[in-house]
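A, B, C, D and E label the chains in the order they appear, each numbered from 1.
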Amino acid sequence: MNVKPDFSKNANMAQTAPAFLSVWDMHSYYGESYIVQGISFNVHEGEILALLGRNGAGKTSTLRSIARLGDPQVTHGEIWLDHKPLHKMASYEAAAAGLGLVPEDRRIIPGLTVEENLQLAQIAPPIGWSLDRIYELFPRLGERRKQEGTTLSGGEQQMLSIARALARDIKVLLLDEPYEGLAPVIVDEIEKTLMHIKEQGMTTIIVEQNAVRALELADRAVILDTGTIVFDGSAGEVLENEELRAEYLAI
Amino acid sequence: MLGLDKKDAVLLVIVAVLTMFAPFILNPFPEGSAMAQFNAGYPDLMQRFVIFGIFAIGFNILFGLTGYLSFGHAAFLGVGSYAAVWMFKLLSMNVIPAIVLAVIMSGLFALLIGYISLRRSGIYFSILTLAFAQMMFALAYSVLTPITGGETGLQLALDDPRILGQSQTPEGNIPVPGLFGFEMRDSAELVIGSWVFTFNLGYYFCGVILLLAFYLAIRIFRSPFGMMLRAIKSNQQRLNYTGINPKPYTLAAFVISGMYAGLAGALMASMDPLAGAERMFWTASGEVVLMTILGGVGTLIGPVLGAGAIKYMENIISKINSDILHSWFAFLPDGLEDFVVTIVYPFIGKGWHLTLGIIFMLVVIFLPGGLVEGGQRISSWLRNRRARRDDRRSKTEPAE
Amino acid sequence: MGILEVKNVGKRFGGLQALSEVNLSVAENSVHAIIGPNGAGKSTLLNCLVGKLIPDTGSVMFDGQSVLGRSPFEINQMGISRVFQTPEIFGDLTVMENMMIPIFASRDGSFRMHAVESVVSESEVVDYAEQMLEDMNMADKRHMHAAAMSRGDKRRLEIGMCLSQKPRLLLLDEPTAGMARADTNNTIDLLKQIKEDRDITIAIIEHDMHVVFSLAERITVLAQGTPLVEDAPENIKGNPKVREAYLGESA
Amino acid sequence: FTNEPTGSTVTLGFNVPQTGPYADEGADELRAYELAVEHLNGGGDGGMMSTFSSKALDGTGILGKKVEYVTGDTQTKSDAARASAKSMIEKDGAVMITGGSSSGVAVAVQALCQEAGVIFMAGLTHSNDTTGKDKRANGFRHFFNSYMSGAALAPVLAANYGTDRKAYHLTADYNWGYTTEEAIRSSTEAMGWETVAAVKTPLTQTDFSSYIAPVLQSGADTLVLNHYGGNMVNSLTNAVQFGLRDKQVNGKDFQIIVPLYSRLMAKGAGANVKGIFGSTNWHWSLQDDGSKAFVKSFGTKYGFPPSQAAHTCYVQTLLYADAVQRAGTFEPCAVVEALEGYEFDGLGNGKTLYRAEDHQCFKDVLVVKGKENPTSEFDLLEIVEVTPVAQVTYPPDHPQFAGGALGTCNNGG
Amino acid sequence: MDAIILQILNGLDKGSAYALIALGLTLIFGTLGVVNFAHGALFMIGAFCAVTLSRLIGLSHKVEVEGETDFLGNPLTKDVPYIYDWFGEATGAAIVDWAVPLAILFAIPVMILVGVVMERGLIKHFYKRPHADQILVTFGLAIVLQEVIKYFYGANPIPTPAPSAFTGSFDFGVLIGFDANTIIYPYWRLVYFAFAAVIIGAVFAFLQFTTFGMVVRAGMADRETVGLLGINIDKRFTIMFGIAAAVAGLAGVMYVPINPPNYHMGMDFLVLSFVVVVVGGMGSLPGAVLAGFLLGILESFASMREVIDLIPGINQIIIYLVAIIILLTRPRGLMGRKGVMED
């Protein structure tokens, strides 16, 4: 079986509509180990892209590379966000340019309360949602605002991490497994929120193990395997393609 | 070999060869030549290399494996020295009982101090050990002068009892430390051309002990015990939930490394029967920390290299004076000679601290893993070069 | 009488009553799931079982012995192993070494001074660890630094480490969070397998209902620090209170 | 014997502090050694060689061998000093070690030289122990000691401050401090002074305010600072800061005394030393021929006058060379014999005796006072009195020097 | 009673030196998490700023003095500062006299520059490195800085007195109704105490009433995430380092009249300042200040004759003894924050 050639042609690269976020031939390394092995894809404004693949496929590494986190180190390639060259920026500059990452391990800052964690997100412009609005979406966080962030329950931390991204006025939201550890009701809530902000024009990349859920939400999907793109197409295509799902997503 | 895997066995053999042939290796320049200044193959310095190597190896068992940074380890060195000198004063000049008592005493001190200090971790632990060592230093220097000799240090005297030996030699001198009739300072010289090599009994005695200490360290590193110590450094919480009690492991490591320090202290006293309080001062504790980091934390051979490097600077670079500089550069035209000497002068002799500081900085900046990493880089560079050469050769050979 | 008897446990954090009057009985050789909304107190309850927290009130008996006041390593030596919500492994050690440590712990107890024999000569432990890695499908990663693994892999390693101890009670806090579907299914199979092979009791916290319903024999639903219902899986699904508090519409 | 010079040269080891707080003092010692070597080898103006009562030295080195030297850093630590001395003996073949700037180092290196069988000519060391309980047959001290300071100071103090003073001692908490306190106490108490209190201060202390503040309360009218180096600079500065010298107690002006002065310390303490009494081994303003000759040749070479440490080191080198010359051999025991009981003159402190019993030099001791109007940065002390040697001589078995034995000289192997 | 007040005063003063040094150190060590063995050197450089300025002000030319000769018999020369020529002898003398306070103005930019250069050039690369590497590099730097100072200024202490208006002491005892001469207190130490209070207050205010402190704390806990939130943490770390260096330097400038500075004065204070910071608790500014004063006062009491007579040697070990007791009874020092350098 040889599926790779069929899907790896970057169908949308040729599309005429200008890409909002575009990644072009990106290669990244953790020290000596070569992880992201030359990937290219585009995301259009207001689109939700699902980035899928098994454990260790390089999804997190891709998001971290885009967010300019320094580790993994991008050795080659270009990343453009709304005509701005992200690949020339440090992570805080990328963030100022409108990138928001919800990291997979949540990264609540130890020693800071819930509220301080949120305030921290509003120190550097551009400022997004107000704290009140955030507490409205996540009442749980409002109740716990004076509690140290790291003592929150796992799910509460996840909410805080998402809230922190929303507290900034971002153009592209990168979500690394946002549903992890959340109760199904909350997942529903967040899904609604994502749809809601999508309507307001937010561009989103979502990495999720619960592929079906992600695909239902997403417009398009990119599937990674060992650091290369093996599929790039519409979300519907993946849902329909048994073979593909079995091979890379085990669903 | 000896229950070691191949890599470790090779390392041990290398260390053994280096130790045994040190009198040659450290004396590469012929006597009387300008470069002879850099020879380090005289007994006292070779002994120091080895003794501080033992000290650093022991320290590394604690710091390199568990990550607990003791900033008061010199205290155990001091305890070992005092114990040994007291043995020389009271019992006999044989080094064996002195060493045994020193190791026991330093172990006991380490048990006590470690038991208390290990109730805290991280910087709090470091400061606790520092505080204990500083207290011991301060008391030894002043109030405890009757036991420690205070400022001048604990010395042998002609009227010491030495119940199993003699108080004085027939010539009316204080006897010197020895091993069943041999004196630690006994030396043989080998003259080859203008090279002079000195083989000193004390050095070889220390060298053998170093090998034993090194061998034991390898065994500890490779043992389940060593693995637990590394696990403590990595994630103490997980270890706890895995059913392991980290406390006794760290305490054991602390005591072992304290005993290594005591052993080093006893050897120092055996080579040179004097024990001074400044051996316990924080700078002495700091020195072993620096040795270990300079050589490479958590590596087997690193601490020994670090110890060697620092002691070399201290004893060789500090002795170069402007006269010697002028003699080196005498071949240059006068003006240039003076210029070169002026440039170099601040870094040698009384400026040896400056050179030491610069080396510290250069090593950490360019060799994050310490001197060991430097060695690894060189060897991997060599290997690559060889590989490339082989490559080229294999390419020219016709494939089948 | 269950192997684990939790009676009247209560725990306060400052102004927050995280647990109150929790009663729970886990039958020997059963799989008991604890589910509930985020912040319901599930992890807190687990922390009380393994000695990380000491409850303010109540008692926790394991196999007729109280675990309260014992340190975590003692509790582990009694036969309770725990997988954490965020992976806790020995990052600086290799995967193989990670696997060996728990095996040594269950063979040699909480402390043994074996400082001169070498690790590799402990063939019994080595073989068993190799075996476990095979079982966990990680044999090819054995020389990798654990910290360099992707997160799903770390979690699988942690589960493997706990299983290797052949505990009598295995506590799993969201074991499959962030795990690829395929591996999730593997893990379910593995747990089932283990369940069959030996006498083991499993208490599991999960938000992935697929996992919960494939494994659990009994389910306790915790909400706001107290058990809401305890029942067999089929009854839980239909329970309207549970649907409202936890499952949402999508279940 | 150890390191017998066989070639055309002989190597001496100059072991001085080159790093640490006494580095400047060490540097001055080294200058003196270099000057001495130059003179021994016939260079320069010959310095004190022409005023020295012994005429054995002729400017052709020692016993016709050219003098060479090696230097090392004691760091003012016993271990480092011994390591450095050992390397001079083992590696460089030095037949004599000299130098040092503290008693701890002197005692440690002296013991080492005894064991190794080389001669040790102590540099600056003032503790009684060096030629008291820690004396060694192979070691010799030209510098004066605590006892002598006390004996020289007491009469001057009595003359200036009267005989019913109440003294408060601050004492550095280590051997030198102990012997100095004891010496000053016993000699001042013998004159009728009362010792109100004696408080030990840690070596590592930098701020002495909490020790100085209670002095006035105690009813004392005199403060004795048994401190050296940085300790002395700081304690004196603090004492002046607290205004002690402006006070009146028991109807008398409050006074401060510093038993052992050195020029570098005086320089460090700045204006605070003005008018304060102390003792010193030698001072460049002495007008005897020997001192003048030395000051001239040192000053010409280096541009400033020598310190007492430089003087003692220079003299020790000449004395050693002379002893070898007279003995006709470098053999340590012969040198010891040549130095023991040797009387000489022309080296700056008048007629001097190297006493056989303890290898201590007996010579005049200077009582000095901080100068009120210094004309340069070297002109900080003025000589108040040259105490004649008779007044500072003590029997070898004096209690302050009890314990220990000289032993026999060691030629090594 | 008077003795106790006296020692409290002394302790406060000693404590203000400790607190000030520890404050600078805790900004770098407790807050930025860098084990900075070069902190003592910063203190020392501050002190030498004062020395340098007083030398600059005192820059002189030589004038021969009629009729006198120096030790070699050459005509004696006297140094006359240029400043006397420019401003006249009276004003000139006053400026020379006030060199140390003036040095504060000189030291602030110098120290900030030193701090910033040090951070940008060196420390920046070591935030993520193990503490061991930080120790080695900062220790190396400390040695280098010391040796450079030694090269230019020698090893001997250099007397640098306070303005004459502040030399001497006043009788505090009389003010509060005790006998004369029971409680005396030097003017300069009072100045030092006040100065320390001002600096400590200013640093506290800056960190308390701005978000700067929170951001830096967050940055230390997790640089990466703070970067993700659009904050240029590097810049803030640099500023923090500059402030810390300035605090250390000013502590040094003002300390000069108390004890003449020498090139190793930093090392003398180094260990003590680490002890103070850790006893105060890692990451806590108030803790460091509190510990500074506490240890200063206890040290003063331990140096009382009556106490030493009771427990010989107590003055030698008091600081360390107290440190041990505090660290054993309180897991993170007086007010340490959780998780800062605990592993």
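Keep in mind that, in the parts below, a residue touches a chain if its C-beta (ideal position, glycine included) is under 8 Å from a C-beta of that chain, and two chains touch if they have at least 3 such contacts.
Bear in mind that the values here come from a model prediction, so they are computed numbers and not experimental data.
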Third chains touching both chain C and chain A: none
Greatest separation from chain C - chain, by CA centre: D
Furthest chain, CA centroid comparison against chain B: A
Centre-of-Cα separation between chain E and chain C, whole angstrom: 53
For chain B paired with chain E, centre-to-centre distance based on mean C-alpha positions, whole Å: 34
Set of chain D residues in contact with two or more other chains: 23, 173, 200, 202, 204
Touching two or more other chains - residue numbers and ranges from chain B: 138, 141-143, 353
Chain pairs in mutual contact under the definition given at the outset: A-C, A-E, B-C, B-D, B-E, D-E
Chain A-facing residues of chain C, complex: 13-14, 16, 36-44, 85-86, 148-153, 173-174, 177-185, 207-209, 245-251
Touch list for chain B against partner chain D, complex: 39, 42-45, 48, 138, 141-143, 145, 150-153, 155-159, 168, 171-174, 176, 198, 268, 272-274, 276, 278-279, 314-315, 318-319, 321, 323, 349-350, 352-353
Residues of chain E that touch chain D when the two form their complex: 2-3, 6-7, 9-11, 13-14, 17, 65, 68, 70-72, 76, 78, 150, 154-161, 167-169, 181-186, 188-189, 257-260, 262, 264-265, 268-269, 299-300, 303-305, 308, 313, 315-316
Contacting residues of chain B [partner chain C, same complex]: 3-5, 216, 219-220, 222-228, 230-231, 233-235, 237-245, 248-249, 252, 256
Interfacial residue positions of chain C with respect to chain B in the complex: 50, 52, 71-73, 76-77, 81-82, 84, 88-93, 97, 100-102, 104-106, 108-122, 125, 161, 165
